[in-house]
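Reading through the structure tokens given below for one structure.
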Amino acid sequence: MTVLSGTGLTRLYGDPCGDCESLTGDDAGRNRCPACGTIVACADVSLDIERGEVLGVVGESGSGKSSLAELLALERGEGHSRGSVRFDGYEGNLLESDYDTRTRLRNDDLALVHQHIRDGLTLSFSGGGNVAEKPLAAGERSFEAVRERVRSLFEQLEVPVDRMDDPAETYSGGMQRRVQLARALVTDPAVVVLDEPTTGLDVSVQARVLDTFRRVQRERGVAAVVVSHDLGVVRLLADRTLVMRHGRVVERGLTDRILEDPHHAYTQQLINSTL
Amino acid sequence: MILTVDTLTKRFEMHVLDGATVVGLDGVSVNVRDGEFLAVVGPSGSGKSSLLKCLYQTYEVSSGSIRYHPADVDLATCDDRTIMRLRGSEIGYTSQFLDEIPRVSAVDVVARPLVESGMPAESARERARDLLSELGLPGPLFEAYPATFSGGERQRVNLAQALAPRPRLLLLDEPTSALDPETRRLAVDLIRADLGPETTVVGVFHNHEMVEALADRVLVLGDGRRRDLLPVAEFEGVVA
Amino acid sequence: MDPVKPTRTGVRTVSEPDHGENHASDGTTGEATDESGGTPVEAEDVDGALAALDGAGLAGYNYAYLDEHTKREVRRAVLKAIAIPGHQVPFASRPMPLARGWGTGGIQTTLSLLGPEDTLKVIDQGSDESVNAANIRRLAERTADVETTTDTTAADVIQTRHRIPEEVLDRDQVLVLQVPVTDPLRKVDPSDAANRRRHAHANYGKMWVHLYENVVEYGEIQVASRYPVTVAGRYLMDPSPIPRWDVPKLNDADNLFLFAAGREARIYAVPPHTDVEPLAFDDRPFQVERFDAPCEACGATDTYRTAVETDEGDRLVVCNDTSFCLKRREDAGLAKDHHLDRDGVDWGPGTPDADDTDQEPATNGGDRT
């Protein structure tokens, strides 16, 4: 049962001349329009995600994967965006929806975990405060209930509960990332978008954080979109994967199939390049 | 009949070698009977692992069909989500080596897939512990992290993980290669005891004793082609 | 001092509206300045001369100091503020003969509202007698020619810093509060642009987190002043640094409340009979201050009290509203709505008994401004 779908998702930065998309892409070998200089961050990407599924999106810098994540998460971005995003339970194209619909969706049902902690957490608030924000904004008025919910999420995401009231800026990178995850999950969203979830984490911490997310994701049946340049992340978390290059999807399929039987030349190159 | 494999061919196009093609499987056909234990043998490079991966759809087939009768689908052409659904409920696969997730205990490695498909956590852990002890894994290691285990210990965890969900079709790729003879015997006993007539196994084994101990029939591959298909009684270490 | 004598300069006092004309030059019969550049004045002595020129410094000033355009703009901002309760309305704040941070917004509002028939009261932290209150009162007296009073019940306009009087205000009265920081969200985000967007979309989650963290630290809500409130169910508002004690007075009052900040150049309002609800959790309610002793001077147990230090170094607890305290000294049981024809005081919080020993003393809230 489809919970989130995107059709013809496109984002351009600059002053499009009209030929940008035909002059860029996989065959052209670039994502910058030679005629007008516009960057075609992603073009004509379509996908859909069913309840409980995890979709991986891999690619290198400039592949368009982060732009795609932003479009799916309905982030206000710069540039020209096109295409449609549909969400189960909401009417119409959400890229064209008003601020209130978008806010409601992003508060209740669709959560984005930002690549950079600074964008996702208010570091001056406590870790618990960051997680409490969404239920409070949604109208929860019992202090004890909020506190209990925060505590429960800290436990699920294996953040020490005794640090709940410390400012988030005093947390380690791994803990901050877990708090971001807690914040994303606190309202039981249907979909979580993870943008480069291992950024800024020590290698020893990465696998643990990802594993925690995987466990919670499966237990709750939350759908997810995981964007990463790191194939290991996608291998661990995603059922299906898209491979992106120059703003286009060059290959898609079951994650293990992509990793062990890549067809597209670029995908093969990517798989072979893993340390 | 549970599986009908018809003229299965798998070619790899290596762009890094300027598009050179490697043939993994060449027109393999076989019918797999419901509840049987089919061993797959052959020299290295004969396509044994490729066959299993095609059945599991880790490899996309180049041509041919794989009819999976209980769901009435052709695994070679059906959509990804059908494969995902079957993998979750009916078809299991295990490679030689344990796919490790750091700092998850041996018991949880085995129990987790069960929990994820709905079994209550305590029952799942109990089944996990039973399997691990049948395979002779020392008790103190149950709650330890497999990263620190020996190859043989890891394989026991791996095998337990494969057996735990009791899938309808179990694909085993050399699950005992690192086990000593004593443990191999335990594995044989466990597999025999644990797998009922409702489980079909297609397994790649290097060790011919295991083949003789477990298989009903043996499929012999060479150079990607089917060379022979015999009842195990007629199989006598044909391939070195 | 000798009474003012009519002078040859013929300067008209500014209690007459002059419609922007410069009467000094019109009225000057003397004409030219003398060789030293001064203005010739007919008088019998120095005092007389000074008195004669008493109004001269105000020559050229409009009624109530501000020009009519400014007053009109302020009134427009006030009307807009009344139309959108709790919403901060920007206005072009003028330089005033008082430093920023000392009530320039309040003064501009008061001067824009006053007419010569009005009576003005000015208090600062509850006291009519502070230097600041006295200066403001003098400016209004001289430029708007109004009567001034210390009696809350007799004032048409009351300008106040950080307190709402104890006596109930009625529908004919306007309370102008001096505000240092107009935006309650400033506490959680210094970015004004981001906060305006939050107000526009009623996006107040961060304020609730602030309150949550406050409860985490103190076990109950410990916000001493500038207690955030929701106005008419829509805008989050900063009631200025009044104590919690005064916050309930904003709800469903008969009078108009205006809030003005000169430095921040914003005005906002709570019209009569508007819902004003302090932010609180269901299980951590809004609470007013508690006091450990009745007023030393009048014995009151139902007023907001502060501790003052006497010249001898003693610490006394007395009513903060000095004019009401004076009245209570005459008549200890005087009701807060004694001047109104009705039953029951619904102004301000109920008062716990001063005999309760497990009460904490109130702390004075508010920042200096």
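Letters are used for the chains, namely A, B and C, taken in the order the chains are written, and counting of residues starts over at 1 for each.
Throughout what follows, a contact is a pair of C-beta atoms (placed from the backbone, for glycine too) under 8 Å apart; a residue touches a chain by one contact, two chains touch by 3 or more.
These numbers come from a predicted model, not from an experiment.
Student: If I average the Cα coordinates per chain and compare with the overall Cα mean, which chain comes out closest?
Tutor: Going by the distance between chain centres and the overall C-alpha centre, it is A.
Student: Which chain maximises the distance between its CA centroid and that of subunit A?
Tutor: C
Student: What is the distance in Å between the mean C-alpha positions of subunit A and subunit C?
Tutor: Averaging C-alpha atoms per chain gives centres 51 Å apart.
Student: Could you work out how far the Cα centre of subunit A sits from that of subunit B, in whole Å?
Tutor: Going by mean C-alpha positions, subunit A sits 34 Å from subunit B.
Student: I'd like the Å distance between the centres of subunit B and subunit C, where a centre is the mean of that chain's Cα atoms.
Tutor: 82
Student: Which of the residues in subunit B end up touching subunit A in this complex?
Tutor: Per the touch definition, subunit B meets subunit A at residues 12-16, 53, 57-60, 80-81, 83-84, 101-104, 112, 115-116.
Student: Within the complex, which stretch of subunit A touches subunit C?
Tutor: Residues of subunit A touching subunit C: 99-100, 103, 122, 125-126, 128-130, 132-134, 136-137, 141-144, 146-147, 165.
Student: Write out the stretch or stretches of subunit C touching subunit A in their complex.
Tutor: 201, 203-206, 208-209, 212-213, 215-217, 281-284
Student: Which of the residues in subunit A come into contact with subunit B in the complex?
Tutor: 50, 53, 207-208, 211, 214-215, 218-219, 236, 239-240, 253-254, 256-257, 260-261, 263-265, 268-269, 272
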